[in-house]
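Both of the next two complexes hold chain A, though its partner changes from chain B to chain C.
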Partner chain A sequence: MWTIKRFPLLWLLPALLPVLLMTLYPIGHALWTSLHRVMILFPGEPFVGLDNYKRVMASSYFYDALKNSLVFTFFAAPSVVVIGVLVALFLQRRFFGSQIVRSVVLLPWVLPGAISAVLWIWVFHPSFGVLNAILRSLNIIDRSIPWLISPQLAPISVTIAHVWTQIPFAVILTMAALSTINSETLDAAALDCRSSFKRFRYVLFPEIRSMIVVLLVYNSLIAFTGYDLVYAMTSGGPGTATTLLSFQIWRESFSMYDFGAGSAVAFIVVLISATLIIAITRALPSDLFGGDEP
Partner chain B sequence: MTGRLNPVLTFFFAAVIILFTGGPVLLSLYGSLVPDRILLDSSKSIFTEGPNFETYRYIFTGELPKSYLTEGANRAMISDAARQVPQSLINSAIIAFSAMSLNLLFGAPAAYIFARYVFPGKKLTFLFLILSPLVPAVALITPIYMALQSIGLVGTRLGIILVHTAKALPFTVLILSVFFRKMPAEIFEAAVLDHCSRFQSFFRLALPLAMPSIGATGLFAFMLSYSEFMFSLVLSGDARTRPVSVVMAALARNTDVSWSLLNTAIFIAIIPTLVLVILVWKFVVEGLLSGAVKG
Partner chain C sequence: MQLKKVLLAMSMATGVFAAQTALAGEDITLEFVVWNYSLDTIQDNIKIFEAKNPGIKVNLTDYTWTDYQDSLILRFRSNTQTDVIYGGQDWLPAWASAGFVAPLNDIAPPDELSALSDDIAGFALSDMTVDDELYGLPYYADTISFIYNKKILDDAGIAVPRTWEEVTAASLKLQASGMERPFVYELNQELPNFFDAFVAQSYGRGAELFDADQNAVFADPENGAYKQLEWLADAYSQGLIQPETHESKIIPAMNTGNHAFTVVYNYVLAALNNSATQPLAGQFALALMPGAENSTLGFSKFYAVTAKTAADPERAEAAWKFINFMAGGDYTIAKRWAVEKGLGFGQLPLYDDSDVIEAWGKWVDVSTLNQQAATAKAGVWTEWGGVWSAYFRPLLAKAMVGEATVDEVMQEGAQRWNELKEQFANR
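Take a look at the complex of A and B:
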């Protein structure tokens, strides 16, 4: 790694400028909104300090939604990465039909989110659902399982659907990272290590560690800040069983027209996801974020 | 590469992966080929009635399927939105391809500098890039809409392209810098000895060697734009600029629309994308496996 004395503006500006334009003003605006009372029904936008934050945190849904979001993220993000890495390791080998499997794995990616939701409702539907039909015809169950209606099962069902939508991306990046490993390293590992688990643990994993960190960060963000799929599948129900914190931003802002409260929830989400990212990079140290050592 | 699995286990894992990732899509293919009355009738199936392409014909030519013209048929089950699918695919292709190109164009130099050099302000700029996607999109939609409206970009493809580019850029830079860092340092040291400028070693060495990785990253930027829904919905205008994700969501949320028409739309929408993704991915895998970047 070489040192440059001056800030390489020419190299970085193309990447920084669009991000700056698209984030600085909107984030500033949202922050301003979260500190003022901005409601369509009330004229004037008085400064209220942290009132919006207090009001949101005192509301009845807040802790339910926070808990749901955290549980969802803690299960969804690692599942995506673990399954993605396993599938990628499996697809590295060549076997009859490996090309077909490599292509089929990409399918969930090309479906727009609204469509994934419809397909998974079709799978989990209590009376018409395919999953229940299969289980019934195999005589495993005699009564339909209420996948999306029971408060215990609904969070599991939406997590499975969410993991399904994110797997192709994890597989692709892990395969790409695996393929950049020096072939001599692999040959040496094949001689030194007999167990394939140890080979993964001591040779492959360190090589793809930074990609795994990227994937974990990306997936935690997606799971914690997105809500489209879950909302399209269950509308947050039954009760509040699948109501996510990020969905409350939309509900406060665009359904209750309380933009101040909506932005306050947004910044609570920002704080928590920043904590998550720092936790991930601390737990899995990689050269990615420090950048001082080669 | 890792260990040997016996063929039965290999077959088993392959079947599980195919069933999990492809299963729901197979359901939709089946749904598109049989009219609803056969789908919901347990005594009939595609084997007794044969496949039915009427809904496909409707989307491309506008000719109503026979089953909807009979007495007492519910005409609400047909939606005009389904006929927007072909145009929306063109819109999505333009938007996603532009967002991808801009991402690689803007992101690659930054990723290269982040991966290979230490410079003042590095941590701060990197931190900014990583933390910028933290704010949930819902909270930003109003200010971004107002900003784009003031420069007249609402209802145009350009507005959507700009937002998608900015949304994907932090991740593009992050992923690309992982790949650039993986390259052996020796080739760059050799380049310095040969009096290559920073610019030359980036263009002549790093870029060509990283082609497969750039392909994978480009695929990511393309798909992020293709599947993004919220900004596309708010920033697109009429059917001439509406991308696939918006049209499909309109269809999926219209509970009146017949199941077979919805599935037909799904199929028409995903086939071109799937072909494209598989082609690029084949190029990426072959490039990576041939050892172009292993040095």
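Take a look at the complex of A and C:
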């Protein structure tokens, strides 16, 4: 008799097959590509073992991209979480127009990365940018600041743009976590503790810390694999100042026609990402996600 | 019963539709892929072609210039139907070697092609030829030029610079009088023209980047290209250069009056001097590329046919008609681009065309332009050139912005060139 209890795998197949097709197959093919010489200008696709990996790791571009990606992640991910939590705490309050403010806060998240990049180019542009115009009008500067063309400032500009795009998601998740806190707990905390900071530290933070960790891990991954803003704002430049590993994947594959090397960089990114996640989760207290024992 | 009626109606409708399709005749639809410059002009040209060639339709697909190369690569590798494309001189050897594009001999009547070839300027013909096979007809051909603001120099009492040292002196004088960054420069390391502009400046100094055996020689500190990169790095460190990511941003930047010099394609000068759209139109002029020899890079972009289309006799014939219409015949379309948009051309008869001369006289000193064109040299384009250029351009940018020394960059660039040359030789 064909009931769901019998042949469970068969019943799952219609849902599993598209997932396998769109995840396992591309990943498997990318792994295969990384172990073969796949250059459109060379005949055949012979097996080369780890040669692609050795070649990319011997390149100065790889180390520039790796350093940039790690630094970018180190600054961007915590910034998103901190600012997102602060904004969420602010939006928890009721004030006139709070609903409108909540909607506006979400706007950066719905914009495609390329559109956000164009927007921020017009903020940071040395000649036409809004930021330099404001700073000049306030007599804070008398020469325009090269936000996107200085190797020191361009990474900061891209980081700011990235953080802006990711804050809304952190706000939403934090507000969701805050909404699960028992209102009587909040009332009691308001009575017992006048300091907002202490209320947050001893009452709110313990309740939402698991969500904060999830956000930290998620934003670390997003930052480490970021691509669209870099591509649209700076093309990885000036020089290699804003080249991230994901951008290097694109450059190896589509500029240098070496899909094997591009796939190798992609898998190195996967390995580093996995290491990051493991490192973060191992650093966490063991009871972080556990409920209270009865 | 109701279901039967519905099924019968559907099958009848399907039959009528199929019959209509068969009766309509079999138009060929060519897939024409371009970068997105002046799409309305292209569409208009296509309409004229279709009107003259019943039975051939042309479907236009465009990509941005920055995405064009890798979009084409994706199309080729995914076997997406692509018939006629815009090609570039720096990509051609690699694409020809990979079998993506076919020589025009495969689709064109030999006598027609020969007559057209005789009418093509030398550097343009060189750019479209690989292993003595012609792969394209010119869409446009141009030189990269040194452009300045006449009014700014006149007001400051500065003579038009003829050497890069004079450019530095002029820029410093302008900077001292309040102009922040006198030189606006297209600095986008992902664009092939970032390297082309560097080659053009090096040619101005009389430099060759490669010797007769195609070995890299630019790592020698005495080489003009080395010196030009030193000049760029020095100018950048002194704050003389305002980088912009694309020529489309150079046009409004120059029209603010805040910059005096730039190095771009000639058609950008036409846009700069367009009185209908630019506030400072008429102030911009072309000067010979600074340097001992005042030479520059000449190049050609062209219409090419894909190998897959060339192998299909029907599509090949349609593709040749289209390419011949756009770039051959009586050069009507090439002339249109020249007169309306200021695009350069590779078709020699147009140099003597009175309409072209009259139109160009509105935005450029034609005698200076002809002088520059006469000294223009083609670049060195090899199968590995595109791959190497993608590797070298970020290094160029690193040297310019001071992230690496000129010597480090030139040594690494030369080493990678020679490695690739050997790799391709042993393929």
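Couple of notes before you dig in:
Here, the second predicted complex is superposed on the first by the 258 of 294 C-alpha atoms of A that agree within 3 Å, B and C clash if a C-alpha of one lies under 4 Å from a C-alpha of the other, contacts with A are read in each partner's own complex, and residues count from 1 in each chain.
One rule holds for everything that comes next: a contact is a pair of C-beta atoms (placed from the backbone, for glycine too) under 8 Å apart; a residue touches a chain by one contact, two chains touch by 3 or more.
The shown structure was predicted, so the numbers you read here are calculated from the model rather than taken from an experiment.
By the touch criterion defined above, A:19 lies against chain B but remains apart from chain C after alignment on the C-alpha atoms of chain A. In the superposition on chain A, A:210 makes contact with chain B only, while chain C stays out of contact range. Touch criterion met: A:273 reaches chain B, while chain C stays clear of it. After overlaying the two complexes on the shared chain, residue contacts for A:202 are found with neither chain B nor chain C.
Judged by the touch definition given at the top, the superposed model places A:169 against chain B, while chain C stays out of reach. Set against each other, chain B and chain C differ in how many residues of chain A they touch, and the higher count belongs to B. Of the two partner chains, neither chain B nor chain C is touched by A:63. Shared contact residues of chain A, touching chain B in one structure and chain C in the other: 128, 250, 253-254.
Note for the complex: chain A touches chain B at residues 1-8, 11-12, 14-16, 18-19, 21-23, 25-27, 29-30, 87, 89-90, 92-93, 95, 97-98, 100-120, 122-123, 128, 130, 164, 167-169, 172-173, 175-177, 179-183, 186, 196, 199-200, 204, 210-211, 214, 217-218, 221, 225-226, 228, 232, 246, 249-250, 253-254, 259, 262-263, 266-267, 269-270, 273-274, 277, 287-289, 291-292, 294.
Of all residues in chain B, those touching chain A in their complex are 1-3, 5, 7, 10, 13-14, 17-18, 20-25, 27-28, 31, 40, 102, 105-107, 109-114, 116-123, 125-126, 128-140, 142-144, 147, 162-163, 165-167, 169-171, 173-175, 177-179, 181-182, 184-185, 212-213, 216, 219-220, 223, 226-227, 229-230, 244-245, 248-249, 252-253, 262, 266, 269-270, 273-274, 277-278, 281, 284-285, 288-289, 291, 293-295.
Residues of chain A touching chain C in their complex: 40-43, 60-61, 126-128, 143-144, 149-151, 235-241, 243, 250-251, 253-258.
Chain C makes touch with chain A in their complex at residues 66, 69-70, 73-74, 76-77, 94, 97-98, 180, 187-190, 242-243, 245, 252-253, 256, 258, 383-384, 386-387, 390-391, 394, 397-404, 412, 424, 427.
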